[in-house]
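The chains carry the letters A, B and C, assigned in the order they are written, with residues numbered from 1 in each.
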Amino acid sequence: MSTSAREHEVLAPRPTIEPGASGDAGAPIQQTNLWKDAWYRYIRNRGAFVAGVVFGMLVLYCFIYPLLSPYDPDKVDFSLSNQSPSLEHLLGTDRFGRDLLTRTALGGQISIGIGFAATLVILLVGVTYGSISGFVGGHLDNGMMRFLDALYGLPYLPFAIITLAIFGTVNFWTMVIALSIATWFTTARIVRGQIITLKENDYVRAAKALGARWYRVLARHLLPNTLGVLIIAIFLELPGVILGEAFLSFIGLGISPPDASWGAMASDGRVVYRTYPYQIIIPSVAIATLVMCANFIADGLRDAFDPRTRET
Amino acid sequence: MALLDVVDLKTHFFTRDGVVRAVDGVSFTVEPGRTLGIVGESGSGKSVTALSIMGLIPKPPAKIVEGKVLFEGRDLTTLSERQLEDVRGRQISMIFQDPMTSLNPTLTIGTQIVETVRRHFDVSKAQARKRAVELLEEVQIPNAAGRLDDYPHRYSGGMRQRVMIAIALSCNPKLLIADEPTTALDVTVQAQVLDLLEDLRAQHEMAMIIITHDMGVVAEAADDIVVMYAGQIVEQAPVLELFDHPEHPYTEALLAALPQLEGHGIREGRLTAIPGRPPDLIAPPPACRFAPRCPYANDRDGCATHPPELRELRTGHWVRSQHPASERTRAGAGVPA
Amino acid sequence: MTKLIVRRVFWTIPVLLLVILLTFVMMRQISGNPFRRSERAIPAEIQANLEAQYGLDDPWYIQYLRYVKGVATFDLGPSLVLRNQTVNDIVRDHFPKSLELGALAFLFAIVFGIPLGVIAALKANSWLDYFTMFFSNVGFAVPSFLVATLLIYFFSLEWDLGFPTSGWSTWQSKVLPVIALGLGPMAYFARLVRGTMLETLQADYIRTARAKGLRWRRVVGVHVLRNSLIPVVTAAGPLLGFLITGSFVIEQIFAIPGIGRYYVTAVTARDYSVVMGLTVLLSVIIIFANLVVDILYGFLDPRTRDVRT
C-alpha cells in the first residue's frame, strides 16, 4: 500500500501527520516473519510453554544427574532394599537396594535416547519416502502409496518383537530399529502431503517457470517449508515410540534388567507393587510426564505454526 | 418508521492483546424496500456490523458493549438467543461471502433448504420440498427438481451462491443482509447475481443491506451508501449524491482508486493507491482515524487532537471530517477524479 | 457406491498377500527358525515329519504359496512346541477372549470418550473443559500398565469391591481390564472429538446454519456432530492397532488367557509357527478393520463417493 515519492508529488501533498507521531496510536499493524511469529505464539501458549520447560528439565535431569549422584546405580546392597522415599533417597530404593533417583535418571537416558533415535530414524525414512513419492508424483507416487497402505496392516508391537528376534539380541540400537520399522508410515504420508501441497503452490510454479532445477526447487522451496511439519512430527511420533519401548520392556521382550529403562524398571517394580507401589509408580509417572509434555508441545507447535485458533 | 435503526452501535473484541474496537459508534437506518450499501476496506468493521445486527458475533471474545439495534422498534441486542433464533432467517436473513464453504458439505441442498422452511413454518416435509423446488427455480437453477437431492460439491460457485440466496429468501424476510455476495465470484457471474438479487428484492418487497469493498457493486445496487473506516462511519449519502459529490478524503481516494479505462493520461499513469495502512483497532488514532493517511490533515485544524463529529453537510449527506471537499480552499490540492 | 466397496475389497487381497509375505520373510530371518533348518534337539522322525509336512526342502516361494493356501483355508499349521496342538486350536482357545476384551474396551472408549469430547467442545475454555482435557491428556499419556496396576491396587487391595484381578469369566472380572485397556483410547477420542468439534464450530456453514435461525440444538446435533465425527471414524482404524498392542500388556497383568499373552509365551518358547500364525491373524484383523472404516467413511462423507479411490 505504500507509494513512491513521485506519486506523492503527482497526486497529493505529503501527509503531514506521520504514523506513530502521537505515540503508537494509529500505527499500522506490525508484520513479522514466520519463525519469529511462531516462536512468539508458542511462548505465549501457557500449556505448551510449561510442557516445553518440564520436558527440557526432565531430559536434563536424566542426562546430568547420574554424573552428580553420590550413588552407584548398579551396586546391589540388600541392606538398603525397598526403602520408601526419604531424604537420603529422594525416590527411595528398589528391591536390590539401588537408589531410584539415580536409576530413574539412567533409565531415562535409555528410554529418551531410544525415543529420540527411533524418532530420527522414522523421520529419515519417512521424509525420504514421502518426498520422493510426493515430488515425483504420477504412477510412482501411486504405487508407493499403495505399498504404504499395505504396510499399515502390520501390527506394531508384534513386528517390533519379530524384528528383535531377527536381530537376536536386544540392545539400544536393535530397539531403535525395531521400534521405528513399523511406524514410519504416518510421517511419510504427512511429508508427502506437504510436498504435494507446496508443489502446487504458486511460488514454486514461479520458480520452475524461471527455470530453476528440481533439486534447487526441492532444497530452496519445498524442504524449508516442510521443516515446520517435521518438527511437529517429531513430537507426535515420540510418545508412540516411548510407550512402545516401555511396553516391550515391561512384557520382558525389550530392555531387560539389570539394564535400566523406564519400562524395565516398571516391570521390576511390578513384582513388589502390593507392598511398595512407588517402585512401579515412579518410572510410569516419568513415562507419562514425558508423553504428556510431548503431546502438549506438539499441540503448541501446531497452533504456533498454523494459528487458526479460537481467537479472532 | 424505519425498518432497521442502528443507534450508536459499538462492538468490541476482548482479546489477549487488548480490546479491538471493531465497530465504534455506528448509526444508520434502513427503510422498507430500500437498499443500503456499506462500503469499506477489510478491517473497517462492516462485516462485524452486519453480524452484530444478527447477533452472530462470536460471543466469547466479542461483545456489543453499547448501542441499540432496533428492528421494527424492537431492540435486538436485548433479546435472548432463543428469541434471536426466531428472528434470524424469518425476519432478517443473511448471505455470506464464500459460497464454497457456506453450505454444509455433508447434507443435500434440499435438506438445507427444507430445514429452514420447516423451522419457521409448520409444514410437512413434502410441502417444504415443493417450496424448495420453487425457490431453486426462482434463483434460476436449471433442473431444480432433479438437483434437489444433490450435495453441494456438485454445484458450481455461482450456483451455490444462488442456493444461499434461495435459502435466505425461503421464509420471506423483511430484510436481507448480503455480506460481500459477489466477491468470491467471477466478474460475469457477479453481474448475474447482482441482477438476481435486485429482481428478487423488488418482487419480495424486501429491504437490503449490501456490504462490499467494491464501489462498482454498490453503485449498481444501492439506494443509499454508508462509508466505513476503522470502525466508524465517515460518510453517508444517497448513492448518486455520493458519487457526484464525494466529501470525505477517504471516499475520494476510494473512488480515485478505481481503475479507469478512459480518460487522458491514463496509459502513462499508475494505479492510485491510498498511502499507509489501516490502523490497528486496539489502539486507533486518538482523534481522526484517517488522519495518518489523509492528504489534508494538518496540525492547525486539530486533526490529531480533536475527533471530528459526523455532521450533516447537506440534506441527507453526512461527513466525519475537518476537510470535506466542499470546504477546502487550497487550490489544486484535490485528488484527480 | 457399491463400486467403491467392491474396489476397496478388491484391493485388500494384494495387501493381505503382501503382509503375509513380509511376515513370512521376516520370520525366516530369525535364526534358529526350524523353517530354515533344524537347530533344536527334536527327535529325528519328528524332524523328518516336520520337513515333509512343511516341505522344508522346497524353495522358499513354494513354501510361501503353501502357507498362503493354508491361510486361505484357515489352516495355520501345527504348533512347534505343543506337539498335539495346531495353531488353529490355540487361536480357538485364546482368541475369543482377546476379541471380547478389545471390543468391550473399544465400546467403553466410545461411550465415554465421545460425549466427554462433545461437552468439552461446547463449553470450551470453561473449567469443565480444562478439567476434562487435563484428565484425558493424563489418560492418554499414562502407560496402561500403570493404570492397570493402580486399578488393581485401589479397587482390589485397598477397597475390596469384588472386582477380581485375574482371569476372564464373570462380568466383574472383566471390568478392570476393560477400563485399563479402554482408558487410553477413551482419552484419545475425547481429545479428538473436542478438536474436530471446535474446528467445525468455526466453519462457515455453521454460521450459515445459525443465520437461518435453526435451533442451537439442531445446529450442534445435525450440522456440527455429523462433520465432527467423520475424523473420529477415520481414527478408529489405527486405534485398533493400539488396542492390540495394549492387550499384550493388559492380558499379562490381569492373567487373561488371550492371544496377546500367548504371543509373548510363544516368542519366548520359540514356537515360530504360532508366532507367525498369530501375527498374520492380527494383520488380517487390522486390514479388515481398516476396510470397514474406509467403507464407513464413504457413507459418511458424500464428497468421497464421487472421487475415484
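What we mean here is this: contacts are C-beta pairs under 8 Å (C-beta built on N, C-alpha and C of every residue); 3 or more make two chains touch, one makes a residue touch a chain.
This structure is a prediction, so every number in the text was calculated from the model and none was measured.
Asker: In terms of CA centres, which chain lies closest to the overall middle?
Answerer: It is chain A that sits nearest the middle.
Asker: Among the chains, which has its CA centre at the largest distance from subunit B's?
Answerer: Result for the farthest chain: C.
Asker: Approximately how many whole Å separate the CA-defined centres of subunit B and subunit C?
Answerer: Those two chain centres are 53 Å apart.
Asker: Let me have the rounded angstrom distance from the C-alpha centre of subunit A over to the C-alpha centre of subunit B, please.
Answerer: Centre separation, subunit A to subunit B: 46 Å.
Asker: Whole-Å distance, subunit A centre to subunit C centre, using C-alpha means?
Answerer: Spacing between the chain centres: roughly 24 Å.
Asker: Of all residues in subunit A, which are in touch with two or more distinct other chains?
Answerer: 310
Asker: Which subunit C residues sit where two or more other chains touch them?
Answerer: 124-125, in rising order.
Asker: Could you list the positions in subunit B whose residues touch two or more of the other chains?
Answerer: Within subunit B, residues 60 contact more than one other chain.
Asker: Along subunit A, where are the residues that touch subunit C in the complex?
Answerer: Those residues of subunit A that touch subunit C are 146-147, 149-150, 152-159, 161-163, 165-166, 168, 239, 243-244, 246-247, 250-253, 266, 270, 273-274, 277, 280-281, 284-285, 287-289, 291-292, 295-296, 308, 310.
Asker: Can you tell me which positions in subunit B touch subunit C when the two form their complex?
Answerer: Residues in contact with subunit C: 54, 56, 60, 81, 85-90, 93-94, 96, 98, 101-107, 115-116, 119-120, 151, 153-154, 164, 167.
Asker: Going by the contact rule set out above, which residues of subunit C touch subunit B in the complex?
Answerer: Subunit C reaches subunit B through residues 124-125, 203-205, 207-216, 218, 222-223, 226-227, 230, 300-303, 306.
Asker: In the complex of these two chains, what residues of subunit C are touching subunit A?
Answerer: Listed in rising order, the residues are 11, 14-16, 18-19, 22-23, 26-27, 29-31, 124-125, 137-138, 140-143, 145-146, 149-150, 152-153, 157, 198-199, 202, 238, 241, 244-246, 248-249, 252-253, 263-264, 267-268, 275, 278-279, 282-283, 286-287, 290.
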